[in-house]
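Next up, some structures in structure tokens.
Look for subunit A in each of the two complexes below; its partner is subunit B in the first and subunit C in the second.
And then the complex of A and B:
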């Protein structure tokens, strides 16, 4: 069920009404029921996967929690008698015991994800290698349907378990409450990848009807619909036209497609997250922000602190840092320092951890080489920018432009172009074709298509271009206003006439300009596929 | 403490690590700096910082980081 379908809107209205009618102690149970109903509507068979992950991670968490209690009680009772080495020995013994349920549950949860999402990719590569060695035939594909949001709920569950293991918080003792955390429907299909200690704070509490919260939540939902239906789905028509016919649409068309896709993706994904956060807000639940004006980033590192924030934080906390402090990594650092000197020794762990993390980020997005290439391209560009830092320092020492508007604008445009370029892997879904089309921007000199009306034959009329450009300008202005606080608060402070004119314009523009398909079903959100 | 300051100053010569207590908050140290630091601390002090100790509080100032190193050395 799509966020932008009639069915979902009816589902939401019914849920909101019942949520505030029933006794508050049952609100979380209603949310669990609604989340499972939402999930079941995507395919009953998929319930088995989410239940398996939930139950497995829940019991592993409880087992770790029991061991933590045993450890604390033992140390408390025997504190006087035990010497430091004995305490350390006991702690490391307990750590090893806690690690077993964690690893088993992670094996199951990540194993399910790997199996359903990557089995055909693995088979395709095995067949490719076998054919290279002269083998004929090959293994047949399994073509397993990928359960809705499996990458998101698996990562949420894995983070919960690792955090319990690390002692960040005690495990949830109620299986059904934990099941709600895993399946919470507003964020199950495209995130954010919420952490238990953040989402859990408001997910299970009593939520009396709060008019202001509901109003702000509904405004946020409408804002998400505006971005998705008025901008993203309109832009998609032109983007698809360009991408689907690479022989015809090359050179400058690729540049146009690349930029249009950048704004389509922003509107699509951040619009979806606006709807998620808005729904949660109506329910009185706080979901963390996942975007912070990403296209105002001044570098790629800065960009990844602003775009899909919860995913970047996940890979940092559960892949990048653990890998960096692992024994093999520290040994590699020592070895490379001894063998190759300080300069290389310092870089070896950073390079390896960065490239591994970005490889994992790439494959998380999709089981194909284009996503892996996209991930590695991010990693390589980040490492190159790290290496260029001495040059930047020299440059800024020489020229006092760092804080000028012109230089900052240059940085923003440079970052946007870089990020958009590597997203061509995502557009063309084929690594050699992506390189070919990227190259065509510099080898096919058809700049005239930018001015001769060719862009009006991409499925978008002149008036649509004006509409999209105006809408993007509104999004840009809202982004700039957000720097000094909530825009909804600012609107709330306006006289009633201005306020309701703005609300009316937003709703009207969705109804009049939104790209509706048959039966009011908009296009699939791009991030649903991950 | 001097060894730690030397490591930090080599990474960012322009920062006053004796005074600054917002190294993470103000993004003076990024993820790459932290990975470099972890390896340097392991080499210099023989202390491996466990991943659960990689928190903004522990890395926000040289003093906090040094206190962490001392605490972990005591646990050895």
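And then the complex of A and C:
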């Protein structure tokens, strides 16, 4: 069920009404029922996967929780008798015992994800290698349908389990409440990848009807619809036209497609997250922000602190940091220092951890070399930026431009162009084609297409360009206003006439200018596929 | 304070709904030039007097082939055509159900070409028939029966959701016809004075199965039943146009159906000579539809049958009817002359934006 379908809107209205009618103690149970209904509507067979992950992670969490309790009780009871080495030995033993259920559950959850999402990718590569060695035929593809949001709920579950293992919080004792955390429907399509200690705070509580919360939630939903339907889905037509015909649309068209895709993706993904957060807010649940004006970022590192924040944080907390301080990494560092000197020895673990993290980030996005290349490109650019730090310091010491508007604008545009360029991997069919099309921007001199009306033949008319540009300007203004606090709060402080006019304009804009209904393809949110 | 808030809220809602209504009116296709067929169904509701003797049901084979004005002029028969482009049989059935809310005609004439369709065909044609209907339970049933898989009921209830994307295609017509449209038809008859002689028509393809579908038959049964229940004579006809092809197998099925249900079935393709229809002069699109000359000949021929067989009263002596019909005749003659003038001047019907 698409967020932008009539069916989903009806589903939401019915849910909102029932949610505030029933006794509050049943609200979380209603959400669980709604989440499973929502999930079942994407395919009954997919329920098996999410149930398997939920049950497995839940029991592993409980087992770990029991061991933590045993450990605490033992240490409490024997505090006087045990010496420090004995305590450490006991803790170490218990840690090993806790690790077993964690690893088993992670193996199952990540195994399911790997199996359904990457099996065909693995087979394709095995076949490719076999063919290179002269083997004919090959292994047949399994073509398994990927369950809705599997990457998101698997990562949520994995984070929960690791945090329980680390003792960050005790495990959830109620299986059904945990099932709600895993399957919470607004998040299941495209995240954010919420943490249990954050989402759980409001997910299971009693939520009396709060008019202001509901109003703000509905406004956020409408804002998401505006971004998705008025900007992203209108832009999609032109983007598809360009990337579907690389032979014809090369050179400057690639530049246009690259920039249009950058704004399409922003509007699509952040619009979807707005809808998610808005729905949760209407229900009285707090979902973390996933975007913080990413196209105002001044560097790639800054960008990744603003874009898909929950995913970046996940890979940082559960891949990069643990890997950086892992025993093999420390050994590698030691070895490198001894063998190649301090400079390389210091860098080797950071490089390896960074590239591994970005490799994982890439393949999490999709089972293709394009995504792996995209991930690694991010990693390489971040490492290059780090290496260039001394140069930047020298430059800023020499020229006092760091805080000028011009230089900051340059940084913003540079970051946007860099990120948009590597996102071309997301657009074209394979890695060589992506490089070819990227190269064509500098080797095919067809700059005249930017001015001779060719852009009006990409499936969207001049009026649509005006509409999209105006809408993006509105989004830009809202982003700027957000720097000094909530825009909804600011609107709320306006006289009633202005407020209602703004609400009315937003609703009418979506209804009139939105790309929906007969004549438009039902468009999945781009991040659904991850 | 609470009262003030309530009033403000109510005003805001009224303003929002008002804006949505105006936008919906603006964005819905007006069908006043080019493709005008979308205006056919809606014109019926504007009739002051609706107690017609004869109601025609069907697709273009009725609204382009029978001239109600000629039926009046020759026989004093009052008639109305409730037809629209590719009007499917269930749409005709529900239109008759709706018509019975306003009147009880003596005769209903149903053109059987629609029997070839057993399921919904095209959203564009659905819209032309269904958007013209006034909102009622009958309209909802017709929508349910007609929707393609990709369509939604809500798009019919709130057409803004369907036509919102016309915002960048609005023309002067959309503004000038915002709250009302000029009259375009003559009791549901679509006039064309131009001539394009019939030539060779494409060979009729062989069909895997010539039997009409069960859904089409079930609605024909319901149509027959509805007419019987209301004491209305149902006449099945096949208009005298040579394309789309009317297969002998189809004709046989209609003959058998009519015989089994004690109905009259007239295949006008077999009466073209008697009616004096010449497809060299009486069609405007090479035999697909009749022009006004053909439609008048067919009305003259069929009118005699209707008047004799069903003893339809000649209303020409009725002052009220005469007054009403005189206005219709004036409008009919004016349009005919207007079209002839345009044809002479431009070689095609410019105002109707129909290029030959």
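Criterion: the second predicted complex is superposed on the first by the 524 of 530 C-alpha atoms of A that agree within 3 Å, B and C clash if a C-alpha of one lies under 4 Å from a C-alpha of the other, contacts with A are read in each partner's own complex, and residues count from 1 in each chain.
What we mean here is this: a contact is a pair of C-beta atoms (placed from the backbone, for glycine too) under 8 Å apart; a residue touches a chain by one contact, two chains touch by 3 or more.
In this text, all values refer to a predicted model and were calculated from it rather than measured experimentally.
Chemist: After the alignment on subunit A, I want to confirm one thing: do subunit B and subunit C clash, or do they fit together?
Modeler: Here subunit B and subunit C can both sit on subunit A without a clash.
Chemist: If we overlay the two complexes on their shared chain A, which of subunit B and subunit C does A:386 touch? Say first, second, both or neither.
Modeler: First partner only, subunit B.
Chemist: Quick one: is A:320 in contact with subunit B, with subunit C, with both, or with neither? Answer first, second, both or neither.
Modeler: first
Chemist: Using the superposition described at the top, determine whether subunit B or subunit C touches more residues of subunit A.
Modeler: B
Chemist: Per the contact definition in the header, classify A:476: touching subunit B only (first), subunit C only (second), both, or neither.
Modeler: neither
Chemist: Which holds for A:205: it touches subunit B only (first), subunit C only (second), both, or neither?
Modeler: So A:205 meets neither subunit B nor subunit C here.
Chemist: Let me test your reading of the model: by the given contact rule, A:461 touches which partner, first (subunit B), second (subunit C), both or neither?
Modeler: second
Chemist: Can A:330 be said to touch subunit B (first), subunit C (second), both, or neither?
Modeler: First partner only.
Chemist: After lining up the shared chain so the two structures overlap, which partner does A:6 touch, if you call subunit B first and subunit C second: first, second, both or neither?
Modeler: So A:6 only meets subunit C here.
Chemist: Which value in Å is the smallest Cα separation between subunit B and subunit C when the structures are fitted on chain A?
Modeler: 44 Å.
Chemist: Common interface residues of subunit A with subunit B and subunit C?
Modeler: Looking at subunit A, the two contact sets are disjoint.
Chemist: Please name which positions on subunit C make contact with subunit A in the complex.
Modeler: Within the complex, subunit C contacts subunit A at residues 8, 12, 15-16, 19-20, 23, 27, 123, 150-152, 154-155, 160-162, 164-165, 167-168.
Chemist: State the interface residues of subunit A toward subunit B in the complex, per the touch definition above.
Modeler: 84, 88, 166-168, 301, 316-317, 320-322, 324-325, 327, 329-330, 333-334, 337, 345-346, 349-350, 353-354, 386
Chemist: Which of the residues in subunit B come into contact with subunit A in the complex?
Modeler: For subunit B paired with subunit A, touching residues are 30-32, 34-36, 38-40, 42-43, 48-52, 54, 75-76.
Chemist: Could you list, by residue number, the parts of subunit A that touch subunit C in their complex?
Modeler: 6, 461, 463-464, 496, 500, 503-504, 507-508, 511-520
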